Amino acid sequence: MGKGRVEAFTDGVVAIIITIMVLELKVPHGEDLSALAPLWPIFFSYVLSFINVGIYWNNLHNMFHTVQRVDGRVLWANLNLLFWLSLIPATTAFMGENHFAPIPVAVYGVDLALCGVAYRILVTKLHHLHGNETAFAKALGSDRKGKISVALYTAAVLLTFVNQWIGVAIYVLVAAIWFVPDTRFSRVIEK
Amino acid sequence: MGKGRVEAFTDGVVAIIITIMVLELKVPHGEDLSALAPLWPIFFSYVLSFINVGIYWNNLHNMFHTVQRVDGRVLWANLNLLFWLSLIPATTAFMGENHFAPIPVAVYGVDLALCGVAYRILVTKLHHLHGNETAFAKALGSDRKGKISVALYTAAVLLTFVNQWIGVAIYVLVAAIWFVPDTRFSRVIEK
Amino acid sequence: MGKGRVEAFTDGVVAIIITIMVLELKVPHGEDLSALAPLWPIFFSYVLSFINVGIYWNNLHNMFHTVQRVDGRVLWANLNLLFWLSLIPATTAFMGENHFAPIPVAVYGVDLALCGVAYRILVTKLHHLHGNETAFAKALGSDRKGKISVALYTAAVLLTFVNQWIGVAIYVLVAAIWFVPDTRFSRVIEK
Amino acid sequence: MGKGRVEAFTDGVVAIIITIMVLELKVPHGEDLSALAPLWPIFFSYVLSFINVGIYWNNLHNMFHTVQRVDGRVLWANLNLLFWLSLIPATTAFMGENHFAPIPVAVYGVDLALCGVAYRILVTKLHHLHGNETAFAKALGSDRKGKISVALYTAAVLLTFVNQWIGVAIYVLVAAIWFVPDTRFSRVIEK
């Protein structure tokens, strides 16, 4: 089964997610700068989520490069990832509109953690399908970055109840770790 | 007439449907967990619809693999399926926001039944176009699964007026039947 | 300049237009059938617009088959068509939510007429680019159907002020004329 | 790393941006022409943004023609451009709904200026990646048009505080400059 349509569908869903988030940026009422000021938490959470979804697109883009085939399990593991990604516009708005109150920050982190788990499941299914001696498996390695991300998100959710800004700081930290594109896969491509 | 653009257009519409459903997950007012509790019926109906639309994408993906050509009738049969699928975000929200009251549950089932009928019409038109001795026709067989689904949805709509949870249970059951990807088509592909 | 990306972009915009229209189908408040009854004008206008946009996609699909190249003028003529098509969700909702009152019905017709004019401009630019002795020009012929549609829409807008149902009836009539896919282009393809 | 998927993703996001803008065209309440009159500033700002986004699509379309490869920096420079473009629906609505009051007009101009800067960054990264003796670098030249646009947008934002219509006039002027498709790239293609 070819990977082309899965890639195209995934790109389509990610393109829509990254764009409809902006619909949450409701137009402020009022025509002076003071009308824009209360928007900063919504804007900041939008920027953070745009970068996070951009990172997923980037990594999926690189990862699918070394993928050779997909099966039914991979399709559903991919849809599972898209499901948790599709919740990001809603959890982003929940966090932004409540001005980074602890519970919404934790809910946002739970969503990111589940995206991370879903990404881990997807690469595991692909690893299983491709076997150990393939370009995919070599590029993936032990997926240390993926495991650390899930651990950091879990810690962030818990620490949110101490102080929500610790949670937010960890979300920014994980984004920074991944912002560097996943060179494992691109290194293999260049070889 | 090539099938490429029909596939791409279908994928695009399905990607949009599956993603805009989440726009119905309105951001809760309030910043503690009790603000999230009333969302569970909306969330549950979203999950059910995400899986249902995912199943359609999966089956269309497998089915178009064995399709060799399309004509004007197939284009319109496909648009007819997309029409009923495009109503799913609205019927999902209607069911979720009314906390699975009988009428909204029945309306949701009517939409699913009509999606099933539209899928049956589409495969029938494709069968007609390809003839009996083709990979498509062999993969399709008697389409028992498609016929059973329509029958089960019809039963579910009627039984909703006895107790709506019977209807919901049948929707989950049909999703479970289809969740296993349509191996008829993938079996032929592997041969 | 290749036509591939223009086709893909056009398909993408049309797929989004046809799908976001359904966002105007606001979820009714209330959980019995009487809550659905007031939706019929919105639903009917949605069905009509779904068919109209479906017709445009179908005809663009067939037309681009015989197109060999595009230039800057064609890109803008195409964007012009997409602009008027992108207004259809808004004019559809305006007509449906005002229960087919004369002015909204006329506004809807003005949009359809301008879509028709934009389609005429697009085929004229393509005709100019391809010349007379090409498959495109032969398939297009005198574009009688395109000219008649614009005339009928103009008549419909004017007759709306006599009785709006005359306008609606003409919109249905033009849709019926085009529903038969534009066999001019498909005939050439088959040759 | 191939440019195909970056092009497709970019087209997808731009197609969504250009189409969801129309969702800001809220259906007027009331069924006569006086209900439409207050919409003119919203409609005019929508037309201006549709043309601006159309120009970006057109130029990206021509530019990617001469691009031979992309790397991680280009992907992020492209996402950065898409980010500022994705804010256009919100800034357009802000400007239109406040009837071209000075601050919203300035905010709209800041967004356009940042889109221009992001476009400059993207072509600079691509220039860096391709080197001086390539079709891309020759087509780009000194990118005088890009530099002038950013300067004009900056002037427009400042002059808005003298009179907002000066700002609006400059936005229309820059759109007119770019409306002529970026012949630098298409000239190279034709050679």
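Letters are used for the chains, namely A, B, C and D, taken in the order the chains are written, and counting of residues starts over at 1 for each.
In the analysis below, a residue touches a chain if its C-beta (ideal position, glycine included) is under 8 Å from a C-beta of that chain, and two chains touch if they have at least 3 such contacts.
Note that the structure is predicted; figures quoted are calculated from it, not measured.
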Copy pair chain B, chain C: interface residue numbering same or different (half cut): different
Relative to chain B, chain with the most remote C-alpha centre: D
Chain centre separation (chain B, chain D; CA means) in Å: 38
Centre-to-centre distance between chain B and chain A (centres being mean Cα positions), rounded to whole Å: 27
Shared interface positions of chain B, touching two or more other chains: 8, 12, 16, 20, 23
Contact graph of the chains (line, ring, star, complete, other): ring
Touching pairs among all chains present in the structure: A-B, A-D, B-C, C-D
Chain C residues touching chain D - in the complex, by the definition given at the top: 1, 5-6, 8-9, 12-13, 16-17, 20, 23-24, 72, 75-76, 79, 82-83, 86-87, 89-90, 93-94, 97-98, 101-104, 107
Chain C - residues contacting chain B, complex: 7-8, 11-12, 14-16, 18-23, 25, 27-28, 30-33, 35-36, 47, 50, 54, 57-58, 61, 65, 179-181, 183, 186, 189
